[in-house]
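Okay, so chain A shows up in both of these, paired with chain B first and chain C after.
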Partner chain A sequence: MLVIVFGASFLAYNLQAYSSDPLSAFGESTAINKDYLIAKTIRDLQLDVPPPIRYFSWLRGIVAGLWGDFDMGLSRSNIPVSEILAMAIPVTIKLVITATFLAIVFGISVGMITAIRQYSRFDYTMTFFSFLLFSLPIFWVAVLLKEFMAIQFNDFLADPRIPPVVVMLASLVFGFVLAGFAGGTRVQFFSVLAGAALFAGLVLTYVSATQWFLEPSLGIFGVSFLALCNAVIVIQLITGLDSKKGRNAGIGTAIAIAVLYYPLQLVMSADASVLNVIAVFSITITVGILIGIAVSKIDRRVYMRIGLFTALISTFPIIIDRFMAEFSDYLNSDAVNGRPVPTLGQANDLLTPEQLDNFWISGLDTALHLVLPTIALTLISFAGYVRFSRGSLLEVLNMDYIRTARAKGLNERTVIVRHGMRNAMLPLTTILVNDFAGLIGGAIITEGVFAWKGMGQVFNDAIRNYDLNLFMGVFIISASLTVLANFVADLLYGVVDPRIRIRK
Partner chain B sequence: MKSKLTLRALAALASTALVVSGLSAGLITPAQAATKSTVTMLVPADITSLNSGTSDGNTSYNAIVGSLTGMGFSYYDSDPKLVMNTKFGTMKIVKKAAKDFQIQYTVAKGQQWSDGTPIDAVDLLLSHVVAADEYSKSAGLGDTSDANTKPAFDSVSYNSTYGQNVVGLPKLSADKMSLTVKFKKPLPDWELLAPGPSPVHTLSLIADGKTKLQSASVNAAAKAKFLKDFTSKNTARLKKMGEIWTKGYDVTKVDETTNPLLLVSNGGFIVSKFTAGASMTLVRNPKYNSGPAMAKKNPIKTVVLKIIKDNTASVQALRNGDIDVYFNTLPTGNDRLTLEALPNVTVFTKAGGNYSHLDLRTDAAFGETDTYAGPFAGNGQRAKDLRRAFLLATPRQQLVDTVIKPVNKDATPANTWLDFPGSTSYNAITAGSGANAIYNEGTQADRTAKALALVKKYFPTASADNPVVKIKFVHAQTSVRNALAALIKAETKKAGFDVETFPQADLFGSRSNSNATYDVLMYGFGLGSLSQANGASIYKSDGSNNVFGWNDSKMDEIMRSLENDVLTPKEITAKRTAADKIFIDNSWGLPLYFNPTISAWNKDLKGIDPAPLGNNITWNFWKWSY
Partner chain C sequence: MSNSNKTPASAVEKNENEIANRETEGRSQRQIIINRFVKHKAAMGSLFSLIFIIIFVFTATGMNFGPKGSQFSIPGWWPYSITDIDPEGAIASSCNGGVTGCPTLDLLPSFMDGDGVQIGNHPFGTDIIGTDYFALVMRGAQQSIMVMFIVGFLGVSIGTTIGAIAGYFGGIVDAVLMRLTDMFLVTPTIIIGALIGFRFGNLGVVPLALLLGFFAWMGLARFVRTEFLTLREREFVDAARVAGASDRRIIFKHILPNAIGVIIVAGTLLLSGAILAETALSFLGFGVRPPDVSLGLLISEYQDSFSISPWLFWWPGALIVSIALCVNFIGDGLRDAFDPRQRRHVTAKDRKSAAELSGKQS
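So, the complex of A and B:
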């Protein structure tokens, strides 16, 4: 591995050194002391030393890391490269982690559903959309998102009523998506469509009529409803809905969440911190697990899992609801001035110190700054996962052991969830691990259009400013991570697939 | 049956929705925010340092911060004109002899740094340290004539006019409010050489390891210590301060952990928060008294500099109110249209300090050994005629109409690059040099016909269908330059020129092999100041930017005078006219146009007046208000 990183860095260093000319900036200079400035640049960047030799003086700083004297050199703006990277890495992680997580979860689930409903309307629609999204350039997606979800939405907030036509159209679209999801006969399709559209229509009308956007909240009803939906999905995935104990565990947890709604508000006070959020999660998860234990005598682990996942996922609405409670104050503060969704940036620079100290308001601010880039990144990378997981699951479903499983009378749910999905995850492992490594390398364009200074922008600046040390700093991190990720992927294979496990 | 039922249900639902949403109309009105007191301004590149005097920190974006946090003896206004800032101090010539030129700088009484320390002439001394080569050498801070040593104060100002002409140490007056600097000879741009103030006591305190603001007496002692170190050339102490001056201000963040001594300033604002690559927040300096008074009604209390490198992103940010002030020094017509379509935004276009020009090669560049033997080589009548023909056939009005008019409706082709368009001296120069008469008279068709006639003198068979004069045309590889080159190619073809264009990705890079092969070069220069010597580096036969082989002894004489003699404005205009006449008569080249700049800002914000020189938006922050 070290040899690969060494070779790659040597090549990259020389390619970059030979292809850039820091002195070209002086071509248009009319400075009186131009000659002095040129001589200075040559001196500071050691341009009189041939790049292959200069490489080793750079390498010495890296190798010195072995005895704790790590030195990546100075950037051209006289700032240690390590300091710049230390600032950029967290920014990049913050930007891409949610997007990647969402893309993986949604991409894989949608992909698997399309595989199960192969050649259905839903499959065709999702295939169409995933190819569409796949081919969209992100800077253009970003422009559209900014126009509609920031600028127009903020304008809309001045008078947050949804026109009835929009309500109807949106409800229909929602109905179609859900109906396609469910599949089945034509009658089933239309009844799901109608039900979903009716539901969406009611929600939207409520939102519009109460000007919900100005003071959003889920309330105990919203939280309970989401917990219930979520319990159903978790039960279906783990035991199937026909398991009585499963139902008891899942729905019991959902009810517990609803009961805990008011007590938990006390934990999430105005002077809360991350610790309080962790406390909320610990409480709900403990309750979920206890309910799992309570409803069963044998196979407790299964029901504990139902309780755990239902509680874990259902806690998010509670937290989100708490953030929403601050929205109105945030919206009307001087710093925000009625326009809450920013088109770019990492934080609102005008928040008062009191606002910054309030965990909920500063968290809300961060979340709002993350909304657009996260959607953009999710949309783009979502498509790849959809295609990959669809193909992977289809391949698995054609295997002999799936036929065997069906032949021995297992129900469809067990066949797909236990035998199908698990095996379909194998080839996805490599992609996932490499994607995570690639993340740290940054998203040059996304960071650019949303004005986030992460690794991608640092890399871009390094190239533009002929900043060799900075360039190499980003390169060495990306290269090491890629090599490391491949190694981890190999190990993970062993974990996921018993056949590849290293034999003793 | 079932589906029909649901459809009916849907219709019923929709009508309910309609009624409900209709009823709820106008129940709640959006909150009205208080009067704004913040300005968020676009900065299109990174801010890397709080000190724009070092070689690493010397960018126009760091200078934006400098213009908000520091005031000195003068500034450029929007005319542009050099305005003397008498609130800060005054300067005058106290002695003007051939070998003894002395200027006295007097700091006005009653000013304070933001930490309360009084400002006096001692604060001007650091300017001498970072610009006087002789001082750096004799104080053991590094010989600036040796390219291999890095001076302790790694400044961009060494080896420049001040350092080459200053004699000895500047003299402080008894009350320490005045400083007298002696130069070898009278200097034409003496007003531009005024030392800038620096809070020297903070440098002295940081060198002593202090990390907090100090009391008045400690500050006074620190300043006295600096003065002692300065006069006695205390190498060790000065080196320590040089290290801080060079590196200490290059920060990636400013927050409550930052040493507040680094932030002491005398401008309208003080840096309070900074995250590299993202934004910088500056708050009002309550002790500001070094420049014009702030607006009385609703002045600005906070300025945020937001770093956005993507142009589309910044336009959308302006639309969304994420930023209040936008500017673009390389705008396209599209940018203007987009900006003008935005509600609640004032759009402003103006010619900036950058101009585009054509330069024709006449010989090898000064000091270069390569030879040039193209159609424009030499100063014979034939070369002059061909050069004139090429320039006559350059469709300047069309170029302006195509790329500049969409941005700036009032733009016209530029006729000189020695002065700003619109000023009286500009008109005098362009009339006197003949540029206006030769290149603007008649229609382009007339001029192209004249050009063809000139070409036919030497190539009788030349015509639009038979372009015989082969021209190698080098320019930067950008969409605007490509468009310009295509227009020039098409029009000059009618005069018998066969132009081959060579777009260069990196025009001045060592890998662009354009040096030996081109006949015509199109690129841009910037008028960075109102210096009397503007243009010398390109007009002089040994000028650092004269890579075209232009050589004329009369021109050298005029430029020498502009560089060295203290002249009146009238004399300057006369000399510039004479210089431009030589330039036009020899047909060395031609300015095309001054690049327009575009700015746009929140309509409620008053007092913004973009300037072509210096810091185009922030120069008059004191006039800003809502």
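So, the complex of A and C:
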């Protein structure tokens, strides 16, 4: 493994060294001290030493990391490379983490549903959709998003009324998607469609009539409704809705979330910090687990799990609701001036110090800056997860043990969730781990389009300034991440799949 | 008739199987695969669209061969080239209150809010200084398609060679080659691509594509190696070896034809990846440079004028998406055609014809 990183870095070092010419900037220079500058550059960058030999002096700094004397060299602006990277890495992680998470969650669930409803209309639609997303260049999506999601949404906020035609169309689309998820006979399909479309229509009309976008909030009703929906899904996945104790645990937790809504507002005060958010999560999760314990005498773990997941996921609406409460102040502040969705940058520079100190406002600012890049990145990687999890689940569902499970009379939910999905997740672990490693490469373009100052920007500078040490810094980080990810994937695969143990 | 005493349901099932068998009966492997591919509607549609796009794009503005200076060029049927400037035409086709160079293409007939079906002087409009945008987009698409095919060809050839050698010979050869592959693989393609593009992008599109191709073979090599590892343990390979076939003969005559499915499918994925990578690099400024154009470069140049003249942005994007989409669908069709585990889906129509068949028989 180390050999691979070593070899790859040697390759990259020489490629960069031979293909770049730091002296080319002086070609047309008319400076009086041109010769001196050239000589200085040669001395600083050791250009008189052949690259393969120069590589080892660079390597010595890296290897010295073993005894704590890590040195990646200086960039051409005389700042240690490790410092530049230390500033850039958190930015990139912030940029990609939400997108990856969303893409994984949505991609895998949609992929598995298309596999269960193979050859249905929903399957065909999603297949086409994922192929389309597969073929979209991310920079193009980014520019489109900037236009439609940011500029036009900001214009829309000046008069946030949704035209009836849009309400109808959006409700119909929502209805079709939900009905496609649900499947079933034609009558079921259309009743789900009608119900969902009606619901969406009512919500949108309400949103439009109350100018919700100017002062968004979920309120206790929104939070409880989402908690209930979420409880139903969690119960269905873990025990099935026909389990009485499962229902008690899940719905009990959802009710507890609703009851806790007002008390929790006290925890999330104006001078809150990340600690308060963690406190909120710990409170709800503890309550969820306790309810799980309370409803059962045996097999407590299962019901605790229901309580835990219901509480965990349902807490997000509460937090989001709290952020929303600050939205109208944020929107009308001088720094924002009624145009909340930014097209560039990672934070609003014009925010006042008081606003920056307020956890909720600065958090809202970060979140709004993340909206566009996150949507772009999610759309792009979503398609891959859909295709992969669909294929994976289909393969598993054709296995003999699935037929055995059906033959011994297990209900369809148990067959698909317990026997199918769990096994289909195995090959996904490899993909997931590798994707995390490939994120830095993937973020280069996104960072460029949205002007974030992360690894992508550093890399861009490194190439344009012929900055060999900086380039190698970015390279070594992404290469080691990839190698590490492969290693972790191998180990993980051995852990989750007992059939595969690492040989030797 | 032997199945006349059976229940109709099993007869239908039997006939369904017969329909499935009829597909393969008396046909060679190649015919079966081609047949399966032809039946894949999305893939066939995409294949024709792709061929149409390629022919359209390459004949439109003509092509130039050879090094600069002693160029041999074929003229295209489109009157403008990327260096012709037509400011009067741009002003003549103003719209939306004085924005110059709007597209003159109009597919809406006059009774539906249009000026009648017409192509006009500048169907895709013109850019800010009056260059015909149709010519620019066609030229850009030529470059992008060329990069796509060169990278794809190189990637497939190098990847297949390395994968085949590693998989067939195994042992130390395999270990060395695979470590080499890993070395290339740990570097994100875009990093190497940007490095190469920044240095060699000004040489023109072909050298750039050649260099990119040298860093695009790793995934394919791995696939081919895995395939070769399984195939070389099969009986027919042993039989060939016992019969005294040379390594070369076994590789080319016995194993490679069986691995061709994996190669083609991975190859199409490589193609769609290549066009997206090229456009992304050009967009970032690491690929094709002005005055030459590529689709990514066009998008990058005009992304800020989106709100004023959106057509400068739509056309190149639409072309990239359609090319990549076509390639992806063709790849999907090929995968279905080559994968023997892929059982054909029994449609309602098949069921009906099977039921009719059993009705006739009983």
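Going forward, the second predicted complex is superposed on the first by the 497 of 504 C-alpha atoms of A that agree within 3 Å, B and C clash if a C-alpha of one lies under 4 Å from a C-alpha of the other, contacts with A are read in each partner's own complex, and residues count from 1 in each chain.
Heads up, the rule we're going with is that a residue touches a chain if its C-beta (ideal position, glycine included) is under 8 Å from a C-beta of that chain, and two chains touch if they have at least 3 such contacts.
Keep in mind that what you see is a predicted model, and the values were worked out from it rather than measured.
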| item | value |
| --- | --- |
| First (chain B), second (chain C), both or neither touched by A:K453 | first |
| Superposition-derived comparison: chain B or chain C, residues of chain A touched | B |
| Which of chain B and chain C A:G345 touches, first, second, both or neither | first |
| Touching partner for A:V433 - first (chain B), second (chain C), both, neither | neither |
| Contacts of A:V277 with chain B and chain C, given as first, second, both or neither | neither |
| Which of chain B and chain C A:N332 touches, first, second, both or neither | first |
| Which of chain B and chain C A:A17 touches, first, second, both or neither | neither |
| First (chain B), second (chain C), both or neither touched by A:V3 | second |
| Partner chain in contact with A:K40 - chain B first, chain C second, else both or neither | first |
| Partner chain in contact with A:A376 - chain B first, chain C second, else both or neither | neither |
| Contacts on chain A seen with chain B and repeated with chain C across the two complexes | 139, 143, 146-147, 151, 448 |
| Contact set on chain C toward chain A in their complex | 42, 179-180, 182-192, 194-196, 198-200, 272, 276, 279-280, 283-284, 286, 296, 299-300, 303, 306-307, 313, 317, 320-321, 324-325, 327-329, 332, 345 |
| Chain C contact footprint on chain A (complex, rising order) | 3-5, 7-8, 11-12, 15-16, 19-20, 119, 128, 131-132, 134-140, 143, 146-147, 151, 438, 440-442, 444-445, 448, 459-460, 463-464, 471, 474-475, 478-479, 482-483 |
| Touching residues (chain side chain B, partner chain A) in the complex | 2-3, 6-7, 9-10, 13-14, 16-18, 20-21, 23-25, 27-28, 30-31, 33-34, 36, 38, 40, 46, 48-49, 54-57, 144, 147-148, 150, 154, 156-161, 246-247, 250-253, 273, 275-279, 281, 302, 304, 306-310, 312-313, 316-317, 319-322, 506-511, 523-526, 528, 533-534, 537-538, 544-545 |
| Contact set on chain A toward chain B in their complex | 21, 23-37, 39-44, 76-79, 83-84, 87-88, 91, 139, 142-143, 146-147, 150-151, 154, 157-159, 161-164, 167-168, 171, 186-187, 190-191, 193-195, 197-198, 201-202, 204-205, 208-211, 214, 331-332, 334, 337-339, 341-347, 349-350, 448-453, 457-458, 461 |
